[in-house]
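Here the chain labels run A, B, C and D in written order, and each chain numbers its own residues starting at 1.
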């Protein structure tokens, strides 16, 4: 696998949707502890809508930017909530990062991946350490960048991203929430993993699997 | 004990109140099965109000009719519901039955007791067999009348009344309700004792104890 | 373990509630002096008008208090939770509502209410107030058709009291007011479903038991058992079960008009009620029955019981005029 | 075991609810063509008037839909349960509400809502609709006083939207409408208590856990943890705990005037709310604060959550005029 076609992206999104459906209850439960118990619903709904929208397009008559944009739009309109604008912005930025390409090489894909993290940060204005999905996405993007600059193959780049995301999500247990619903919890948010960070791990794992198995 | 003074009547009512308070939960539970779960509340409230009202009067400056009337009025105003008019009418009829007496002899007391049953029947228009308090009160009044005409002492008259009331209440388990809230239950009321019949037994037992121990 | 309630003392709950109601709605409601359980419309009774007195047990709020106001009931007598008021406060309501043209007593058909209101009517007669009684019997689940007089009055009171109140407000004769009240009751059909019990403030225990996946169709507003208990179904299936029975009784023709009330028994939220209303409309559209007006919300509750009821009120020109006649009550809007 | 709900399919619940609402209230509410989650007042928007768009997640009914009507909000954008609507339906509301004089976006201060409404505002700007945003932050329990901008918006929306809607209806300038909206928010103080959770239609599981004898003071309307959890107390003690905090912030003087909202979070019945209102009045009487008007009932709910909130809205001449200005909404009466 060296080039990633629109068809591969579409099947990658379909894998994310599948994984998220399986993870929905756990994410709702996590959100129930420090938020409003709906994060799994939002993520499942969002990526389910992405999958359904992408299923309707002809992979041979589209390009990666169009795939990401359609994913962004369908996610946003299905979800709203916090995750909607955050992931929609992430996906639009990914699309913008690969504008004009018909297929993606490894460098393109890593750029798209990093653009997602940047998009979430721009939209949500959260910093690392504020107990949000940023605490998984930013280290994951950084780890991917490092591995990429070290000349690692894409599989290992994404492995590194996943490990960093997992560690970042784990670290949110030690944080006091400063953004989103749980930011009013203060000390009571300690000890619990942020649901958005948890779902970021799920997304990144599914991306990795989608690309590796392509 | 051959004559029953207003003071004895007052202490008899106070015993009914005490017994009813202890029986409240069981009566609510019975009413919960075939009615609206409040019969214990009503009976406790009613006889509690009777006790409180009677506590305020001077037993040496009153007569049995006045005691019964005050009991009727305070029961009714505290309760309403079904039990309110039924027991208020019972008590007013008991008062009317002994009008003009300053103390009651055995015959007066039995007449008052029978008037109570008659009052409940007149007010509620229920027949024996319709699964109401009538199924305890009517056999009790009849048994008292029979024992009285056989020349039994008051203790035994009231013993006979109590036994008949207990049997009558027990028999309501085999009846299909035809009056009151539970009458819409049809067959589903089978197997359950009527709460009003159950509380009638409690009342009659307390009357017996109140008189016997006087 | 006791159920959770925001109360002080169970035995004071009704009186404290009334304190809070009078404090909240001074423009609409006042107490009869010396009779704290008798609530009168500030702007209600007037000479020559037939008085309308309603009442019953507490725990069904906004029934009955909420229905007191100009154009609806003149007074309500309030009992303990799920218990008829005694005759005294009813009598005081009759006196307060009397404008010399007669007083209508209207309430749901329950043995306790009948006994207490009848005693009050006798007492009112001694005060030269002529009282007539119209019982509401809208709960189609509570007795078969050949025993309509045994049926309970439930959420349909909303329409039944509304028509009678309008007739009174229009200064119609005692005969006319009574006729319209009876007709309105005859044109009102309710059926309910219960999912979870409530608990009384004095006992703080569930007033009936029901399985974690069960519902009871036809259950009464005091938890009186209904006609069938079974597994919880979808909103559409539940609504259909209720409408089947209601429509069977009402036997509407294409072109008929109705008003709808989808009522929460307490804790069933608006979301679920509106989902039910959607189905009611689908069914009525299917058979060509037009909907003149719809109310959705908490109108006749059983404290925090979970469940809902659907009422159809079949309109003709007269009942529609009564429904559209303005009224001014503290707790809702209508007409 | 799943919680009991009268629904068909959890993922269709919001849309089916909206179907039922539109069917029930055709004189008040209509959908924007092609945008089924954008609800507009039939009699609302008009040229030269500042438009008022509100919105947020579902599950709080009658918030937000119930507040759409002449004299209040022109349109509401409706999200999934407890989830902000996405920008598209908000944008459609802005277009429908725009009368050329600017559009106010008003909603509770939640991260998700802020992001979605801000995106919609940017999109509206591209359509030459000027949008300004006023967030409601009335929940005094949700952040300390030095971080007021972090506070959540809860039941006080009732008053905050009401004043803004009146200002818009009076055809005041965009600046004036915005000023009054901000001022109304600054004059509104809410505090809540939760006794039992609700469950989302899609999960059918309690959205938080709480002991059988516990309550949580300050809990948010989505089950966000509050400031203190402890054993359930009496109505007076609970009300006092909430009022202590509210009055501390409001710092009223003798002779001040307020309006009151005692709100059920869902399954707490009117009986308990009125018992609370009784206590609110006692406290206000004690400190010489006058009450101009009181609302009691289900105004901002969390599906079937058990609990209640108290809101005090401090009035001056202007805010009182806004509150008394007539409005005509489907689900309640005010003004």
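Keep this in mind: contacts are C-beta pairs under 8 Å (C-beta built on N, C-alpha and C of every residue); 3 or more make two chains touch, one makes a residue touch a chain.
Everything numeric in this text was worked out from a predicted model, so none of it was measured.
Contacts with chain A and chain D are shared by no chain at all.
Note: the chain lying farthest from chain C is A, by mean C-alpha position. Chain centres here are Cα averages; for chain C and chain D they lie 29 Å apart. Averaged Cα coordinates give chain B a centre that lies 54 Å from the centre of chain D.
If you average the Cα atoms of chain A and of chain B, the two centres end up 74 Å apart.
Among the residues of chain A, none is found touching two or more other chains. For chain C, the set of residues that touch two or more other chains is empty. Contact topology of the protein chains: linear, an open path with no closing contact. Pairs of chains meeting the touch criterion are A-D, B-C, C-D. Those residues of chain D lying in contact with chain C across their complex are 1-2, 4-9, 13-14, 16-21, 23-25, 58-59, 61-62, 193, 195-196, 198, 201, 212-213, 215, 232, 234-236, 238, 260, 262, 266-279, 281, 291, 294-298, 301, 303-304, 306, 308, 331-333.
Of all residues in chain C, those touching chain B in their complex are 11, 57, 79-88, 110-112, 115-116, 119, 142-143, 150, 152, 200, 202-203, 205, 207-208, 220, 222-225. The touching residues of chain A, counted against chain D in their complex, run 25, 28, 32-38, 40-42, 45, 76-86, 123-124, 179-185, 188.
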